[in-house]
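Below are two complexes that have subunit A in common, paired first with subunit B and then with subunit C.
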Partner chain A sequence: MSENGFSLPLIHNTVGIMTPFLLAATGGLFTELTGMLNIALEGLMLIGAFFSVVFAAATGSLFLGILLGIISSMLVALLFGSISLYLKANIFISGLATNLLAAGLTVVLSFQLFGSKGVIRFENISKLPELRIPFLQKVPLLGDLLIGHNILVYLSWLCIILAAVVIYRTPFGLRIRGTGLSSPTITSLGLSPTGYRLKAILISGFTCGLAGAVLTLNLGAFVPNITSGRGWIALVVIYLGNKTPLGIVIASFVFGFAESISNYAQGAINIPADFILAFPYMITVSAMILYSVWRHYREYGK
Partner chain B sequence: MVRKKLSSVFINSVGLIITLGIAFLIAIFLIFVLSSTPARTIYYFFIGPFTNKYYFGNMLNTAVPLVFTGLGIAIAFKSSIFNLGGEGQVYSGALIATVVCLSLPNANGYLGGALALISGLIAGSVLAGLSGFFKMKWGTNELISSFLISGAVVLIVNYFITGPLDDPGNSLLTTCAIAEQYHLLKIFPPSKLNISTFFGILSAGLVFFLMFYTHWGYEMRMCGLNREFSRYGGINVSTYLVMPMALSGALHGLAGGISILGTYHMCVKEFSFGMGWNGIAVALIAKNHPLGVIPAAIFFAYLDAGAKAAMLHSDVTFEIAAIVQSIIFYLVTAQAIYSFIKFRKRAPA
Partner chain C sequence: MNGITRLYAENDVLANNNVDFEVLENEIHAVVGENGAGKTTLMKILYGLERADSGNIVFKGKEVSIHSPLDAGRLGIGMVHQHFCLIPEFTIAENVVLGIEPLKRKFFFDSERAVKNVREVNEQYGFQIDPALRVSQLTVGQMQLVEIIKILYRKADLLIFDEPTSVLTEQQINRLFSTLRKLIKIGKTIIIITHKLNEVKEISDRVTVMRKGRVVAVKKTAEIDERELSRLMVGKRVIFQFERDPMPPGGVVIELKDVTLREKGQERPLLDKVNMQIHSGEIVGVAGVGGNGLGELEDVISGLREVSGGVILHNAEDITRLSSLSLRERGLAYVPQDRLFRGSSLQSTVSENMIISNHHLFLKGGVFKKKEVQAFTDELTQHFSIDGDTKALIATLSGGNIQKVILARELATRSDFFVFSEPSWGLDVACSEFIYSKILEIRKQGVAVLLISSNLDEIQGLADTIVVMYRGRVVCSFPNTRDLSRELIGEYMLGLRDDYQKIS
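Moving on to the complex of A and B:
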């Protein structure tokens, strides 16, 4: 019992904290499979975060807030996708542009609407409903860990399962993968690789919008740059997850765990806050380097 | 040959004018939407930087670090290497330069100053070089690793500025001020413009020479065009994963050091935010040409100064500049715009 007092809540938190990573990486998986490195995840998430909380406060409905947040994020994804694909812009640069646009737009709008460039609290937002199933909660261990999260957590699980089915069991998924493996083949079949890339970007807009909504609606507030690198971490999650849905779940869990440990450390140990904020970056970059070392030796022998 | 070159210059400049024109139109549109006194805001946004000597000199002074970061990015992009860690490299260069100055309060101004700048340069170079090294050794994606390393470094520098190095004498989030003899000579009082302007012009010349008139520059550009082909041509391609990155970082570190010695005289928390990203924009507008970086940097400094003037004298917030900047990012890489011009130009013939 004494041990559970520490480790179970930590893992319970991890399951909640990993959700934005998982969602952003789910959408990013589609773009990655079509052969694009989508660095706009960060910006799309920020757009989703801002608009979902603003619309939730304005309409008084969480559902509408999330929906409009997702739509905003998909609109920006559409802009990003059309410029990258149809105007043939360099995708890294247009990705950077998207991140900048998101950072600028959210601050300008929050200054314009609320007169503040800082944290904006929304008092009238109801909390995200949590899933409580009394008899399942009694199941030892699993009940503690998996039950009692907010509904978006379960929605993220649904998304990744759906993504796995779509990617591996539908013609659409096959063509998405085909676009990344060999776009000339797709063209020779009379299909448009550009079309599949745009759809992949829109899917990433959808999941990133949802991921952003998780961040702000949990808090009931918007903090400038609330995503703080999570979109980038999601990119690394896709790599570490070996570009498979299951791998992404595991990798998100690892990063969620790292973040919940650093949250825990913030309260328990006397470390400067800046170091704790830097911790996720350091973990991510080390994980990424270790992964590439592992891959390197697996591919080229010793 | 000359004609072909001229026509490509023509296409590039027309494309650039269209891009910047659209960006400015969007800026005007945003101001009309956001500001309650649009005429006043537009006046300060566009004319503000030219209204007095102080604003004008400061605008040029803002361009100086951008010349360095722009050159850094241009070198990396010319070699097809992505350095997204500029923010952290500038910031750490600035911190290290400050620390060197603070720890030698009585040294000779020239020697100590040079030492500070070189230390800043090395700091940036090591940070960026690491990403290049990982790329060379294990194929780690340099774009993501440089960003993440920079993300961590920025926070750690923040810690040093607000923690151990914080000036107890004031309530601002800065380090102590560096000694008088390290201040770079001002050349356009009352503004902050100083002799680092000439360093910037000199560096652009040097990078131009390096890229186009030396063996290294040639090999770097070849690797940028086609790394596999260069490998078959006998170029040691792995060197050119690390070298452009380290050079790029060095120029970023120098940008940080110059800002401290020339402008701020102390390391202010988050003072360099945006310099790294703006460097990317500058390099893109200059089409990665070292000499084009100077006008591009001045243009960006103008945008920055305009947004600041508009913020001071009107009711809009500075981040409008970020939106305009993102539009420029979008359009400047949109190849289709340029090929459209090319197409139109050929059509009548």
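Moving on to the complex of A and C:
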């Protein structure tokens, strides 16, 4: 089908690899729209990653693993949200604390439970089921790229579609956006901006838990700091995506592509590995710079 | 059924002092008073944004408790705030229905029905505005209309307007008033807070006059003329008895020539060709009601806002475009109205606030000489009898003590020109008098003083020359003598007279 031997698998990979970015950014979009800089995405994702694989191994069920991973991440999100919103801690500091807590907690628990601070393999975990959804295969041109991914990939698509509907088509979404745009207005109507912010944080806990599960269940193992900055990149994805669902899909794809090039290049091209591994992050930095330059010109350029 | 909307709010703090207030159904009731008379507080209590310490509210014959705007909304009370509560990025329809959105299939926001509902409200009341427009595209007058639609959509019967005309142009005011009349015709009740007396006469049926947190009069508008209203508003008060030794007029220190300030989108300039001279050893008191250019004059003269036209001279040199730093270096001292944000740094200690403008005097190799800072701070604290720990954050001090810290700092600089804006606002008598005595002291030293204040007592007690501003213009300028009547100044302040002939 493709005359170019490497591009099609590369893009097919990208669609899979972008999933954690997409999920974390989906939840992060909610917190962003309520006017909060949610840097805890990284930590929430790590919590989800650890607990989903641990519970999946313990229960022998992928479904329960994912579910409990999500619940753990949401509990930590609840803690983070309560401290920021009700105890009025600076959200940047409490977000940072959440990330440090997640990094520490996962390592401590893995040492306590499995006696290792390093990579922990779980042999008894079955692979995530791959789906071939017939109607997606019929999509012209893209058909082959859209099929054959694991179930969580499709779930992430469902999440972003659902998010778009909730944000633009429901009263809840209207109020979420209103909270970020003018919280005094929300207050003057007798609604609670704090309530919407907490709900947004819980949503981010949900999607980050799922994002974490994608990372570990794909591997069947937990690696300390397996998220390696993906939560931060998700934050960048939200801004690059101009805080819209479609924009987030595109931006996630860009970063997913960068990562899959980096994966591909490790085996194929003779460049130092460190440089190749740094590629997604270099893309992040340059994308951020280009984005802010573009914003600047759009706003003041005339 | 008995047809009476009756309110009774009682409050021991100064804002509202044992206030009885009554609105009859289907009338336009004006609440007038100077700034700080307690009008807005009273209305916020009625709307549930603030709580009364004591007293009760009776609405349609029943005693009610209003804890939040939601309670007020349920009772049918709506309020249009002075500053609009709208989300510019949303459409009119979205703004109107926010909080009580129409649903389709129990879950989705029905934006078509929202537009339709708002259109129905528009038809019902004869408004002409497209609900699908974004609020950011609207004029100020239209935004206000959206606020009105918002409360009508919530089926309010009692509508409160907090200084609705302050941001509007002449035409928009006329349109607003015809809207208000329309609302009365269909049985609504309206309370309008204002301090513009011509508007009271034009629109209201009855008027409640407030002064210093108390109701001083309730009258039928038809039975009272603007002069009487102005007298009630301003009141007869004891003028502070200060010894103002006659001073031989010194040279001109500051001169304003045709100073004009325009803002985008405003037809009327905020400052309209203001001319003023301040001599050495002279206190020029600028009086006026809020929103007539006093704050703008303060901003312009302290170098915080650039003028659109005209010149400001300091000792005959042009200082119009100088930054506030260079103004200070030239000898401007400034006690701003906003003492919490502009006058002090709340996150810094008392002592840091005291040295903030001349900290370079205390430096040695880039590091503060701690002992000297302490000595300086202690001296000021003692001299100005400031009550509080100098190492504590200034935010922990009372308003009066914060003002003293600012005053102490400003007085410690060598200056020949002093700007005071509302120096005693919110302070108790003892503290105010202390500040007044300091103002008179620097006058004796030959400093030129500009005193901007909406408090007539202060102006009449201290100033050598009284200047009144109305709508950004200087409408009169008198030497302050004992027989200058308060009523006369009051009439100029409220725009009732424009017969002043400029003496130049």
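Just so we're on the same page, the second predicted complex is superposed on the first by the 288 of 302 C-alpha atoms of A that agree within 3 Å, B and C clash if a C-alpha of one lies under 4 Å from a C-alpha of the other, contacts with A are read in each partner's own complex, and residues count from 1 in each chain.
FYI, contacts are C-beta pairs under 8 Å (C-beta built on N, C-alpha and C of every residue); 3 or more make two chains touch, one makes a residue touch a chain.
Since the model is a prediction, treat every value here as computed from it, not as a measurement.
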| item | value |
| --- | --- |
| First (subunit B), second (subunit C), both or neither touched by A:292 | first |
| Touching partner for A:190 - first (subunit B), second (subunit C), both, neither | second |
| Subunit B versus subunit C as contact partner of A:201, first or second or both or neither | neither |
| Which superposed partner A:275 touches (first subunit B, second subunit C, both, neither) | first |
| Which superposed partner A:41 touches (first subunit B, second subunit C, both, neither) | neither |
| Chain touching more of subunit A, residue-wise (subunit B, subunit C) | B |
| Contacts of A:94 with subunit B and subunit C, given as first, second, both or neither | first |
| Touched partner set for A:284, first subunit B, second subunit C, both or neither | first |
| Footprint overlap on subunit A, comparing subunit B with subunit C | none |
| Touching residues (chain side subunit C, partner subunit A) in the complex | 68-70, 73, 81, 85-90, 94-95, 98-99, 101, 103, 107-109 |
| Of subunit B, residues touching subunit A in the complex | 30, 34, 82, 84, 134, 137-141, 143-145, 147-149, 151-152, 155-156, 158-159, 162-163, 277, 280, 284, 316-317, 319-323, 325-327, 329-330, 332-337, 339 |
| Contact footprint of subunit B on subunit A as seen in their complex | 37, 39, 79, 83, 86-90, 92-94, 96-98, 100-101, 103-105, 107-108, 111-112, 117, 229, 232, 235-236, 239, 272, 274-275, 277-278, 281-282, 284-285, 288-289, 292-293, 295-296 |
| In the complex with subunit C, residue positions of subunit A that touch it | 165, 169-171, 173-175, 177-178, 181-182, 184-186, 188-191 |
